[in-house]
Amino acid sequence: MLHIINQSPLNSSTLDTCLNTAAGGDILFIEDAVYAVTKGNAAEAKLKAAMGKFKLHVLLPDLEARGLGDRLMDGVTGVDYGGFVDLTSNNKTCQSWL
Amino acid sequence: MKYGIVVNEGPYQHQSSDSAYLFAKAAIEKGHEVWRVFFYHDGVNNATRLTEPPQDDRHIVNRWTKLAEEHKVDLVVCVAAALRRGIKEENLAQGFRISGLGQLVEAGIKCDRLVTFGD
Amino acid sequence: MSDAKKFMFVNRKAPYGTIYALESLEVVLITAAFDQDVSLAFLDDGVYQLKKGQQTKGIETKNFSPAYRALEDYDIEKLYVEKEAMAARGLTEEDFLVPVTVLSRAEMGKLMDEQDVVLSF
Amino acid sequence: MKYGIVVNEGPYQHQSSDSAYLFAKAAIEKGHEVWRVFFYHDGVNNATRLTEPPQDDRHIVNRWTKLAEEHKVDLVVCVAAALRRGIKEENLAQGFRISGLGQLVEAGIKCDRLVTFGD
Amino acid sequence: MLHIINQSPLNSSTLDTCLNTAAGGDILFIEDAVYAVTKGNAAEAKLKAAMGKFKLHVLLPDLEARGLGDRLMDGVTGVDYGGFVDLTSNNKTCQSWL
Amino acid sequence: MSDAKKFMFVNRKAPYGTIYALESLEVVLITAAFDQDVSLAFLDDGVYQLKKGQQTKGIETKNFSPAYRALEDYDIEKLYVEKEAMAARGLTEEDFLVPVTVLSRAEMGKLMDEQDVVLSF
């Protein structure tokens, strides 16, 4: 399953709940959630720990809009909107963690 | 593939309508069909024909209208959510239609994928 | 029901502060009317939606919590509550308006993976 | 005391408009003056005359109109925020007026207290 | 100063930021923030610790709407909308932590 | 400025995900035009508003971050950033579009207490 997260990790419990609950699969960070996968963000350690269970992706246009295109942490794949579409078609289902 | 998209927030206040639009455009460019976009909750506010954003900003409503016209995307606004928020035929933008929640469920049933954008 | 899809509604928001819980319920009822296989999941603040004893007169808003009791009439009986979410809020099954199945996080995650359509508002 | 109130979210989606209204009513009952309510961001959607909530629900827009009429509360909708979201004279409810952000700053200057309701 | 909080403590960082930043004064919990002052909520301990620095109040109509009128933790004062108004008039300024 | 009020704008939200940062800036400029004493506080995700290098072409949205550079032209020079918020996001003063004063939480709280009007969106 593809898990889509759109909330900032330091402002909302969404990331924690997804990491703790979801059985695995792909996670895509969009909108304000892209801050989660930037170097130095307090969420960095927990995402590194989650990499065994989940494959992490980030929507690059959202990362660049926020001035953090050069801060992507290692092990996270950047995608454009086309890549976002591919993630939804390659997974049988997707869930937006709203 | 056949896609359904759900938009739960109004234009400008949240990014969700922008994300949904750019996703829809990319899906079409990849050769997929965007069968229906369903506007729910404050998402119904995407359907007002009265918006006038600043000249140097994107026009979110017109973008949806254009997408519907060029790619036969069915833009459906939930009638119950719309009445609560003051969206009616008299202020409805071109390319949108008002209908019931059954249209959302139908999208879930008939589409290969349903992608939700919200807050 | 042989060609019914499995629809799961994930509820993570508290009632009244926002309208999502109320408008989500409306979709749940319609989905059942389409003879689909409907499950409701309550995580995080979503578990508060099911709290007994809601009295909304003081905020001049309609109390929509009785609608959860009506779900049974629509043959919607798969209500799942995440155990950890319930515990972090000091709630027990006794606090809920309707009978629910309490699941661990791991069980909830597994159930999500079995769905065809996951909707959250 | 002279109060100013700011409302940043639209009706029904968030509780902020309800809270602001009940606060305003209580302030008036206590003998205070609610000099102005300023609607900003999606708060401008409180000013549409087109809402039709279900019969058994509160009518948020009409409540504001009534408060304005009975207690001379100045209901001001930010013009820039309103244009972005499709609120104009043609769909403006009674008791509201559209004006600039200066009206918010003026409320901050002239009122003894400014209370904000949002998300 | 009166600090007004309207977000649930388990969903948002707002309460933590207010407790860590504000110099003291009154805090009023309204809307979804009322969950913070209910017995058994995970925020209970940090609010007890904050009681020396802040005076805590909750908007009762919001607490009752959520079915928790009988779960108010000790040391928190319940107010109606009139009491909310009094808190704003008794403090020179108020800040909504949005 | 003798009878000016002290207005503080508290920014706790990231840009682009929501419109609050942009529309808040518009109020800041108008408040300065009314000759009031204006301060901006950046806490939590609000510190991201000031990040250098925002490139919004990919999301087809206007990059409004240059407006922070224009604040100086309106004599708005009191920009305060909470140190702990900056650190938790891996940011330093070098990352910001404009010069700011970095304050500890305690200093920020004290400054808030000195205001006449505190606005947050």
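Some points to look at:
Per-chain residue numbering starts at 1, and chain names A, B, C, D, E and F are given in the order in which the chains are listed.
Keep this in mind: a residue touches a chain if its C-beta (ideal position, glycine included) is under 8 Å from a C-beta of that chain, and two chains touch if they have at least 3 such contacts.
Predicted, not measured: the structure shown is a model, and the values here were computed from it.
Chains that count as touching both chain A and chain B, per the definition above, are C, F. Although chain B and chain D share one sequence, what matters here is the overlap of their interface residues, and that overlap exceeds half of the numbers used.
Using mean Cα coordinates as chain centres, the one most removed from chain A is D. In this structure, the chain pairs D-E and C-D differ in their number of contacting C-beta pairs, and the larger number is found at D-E. Summarising the inter-chain layout, the chain whose CA centre lies farthest from the centre of chain F is C.
Per-chain Cα centroids separate chain B from chain D by 28 Å. The distance from the centre of chain A to the centre of chain D, with each centre set as the mean of the Cα atoms, comes to 38 Å.
With each centre defined as the average position of its C-alpha atoms, the distance from chain D to chain F rounds to 26 Å.
Shared interface positions of chain A, defined as residues touching 2 or more other chains, are 6, 10-11, 13, 31-32, 61, 80, 93-94, 96, 98. Among the residues of chain B, those touching two or more other chains are numbered 8, 12-13, 15, 19, 22, 41, 57, 80, 114, 116, 118.
Touching two or more other chains at once are residues 13, 16-20, 44, 59, 61, 117, 120-121 of chain F. In this structure, the chains touch in the following pairs: A-B, A-C, A-E, A-F, B-C, B-D, B-F, C-D, C-E, D-E, D-F, E-F.
Those residues of chain B lying in contact with chain F across their complex are 12-15, 18-19, 22, 56-58. For chain D in complex with chain F, the residues that touch the partner chain are 6, 8, 40-41, 80-81, 100-102, 104-106, 108-109, 114, 116, 118. Of all residues in chain F, only 16-19, 59-62 touch chain B in the complex they form.
By the touch criterion stated above, chain A contacts chain F in their complex at residues 6, 8, 10-11, 31-32, 35, 38-42, 44, 60-62, 64-71, 80. Note for the complex: chain F touches chain D at residues 5, 7, 19-20, 23, 26-27, 30-31, 33-34, 36, 117, 119-121.
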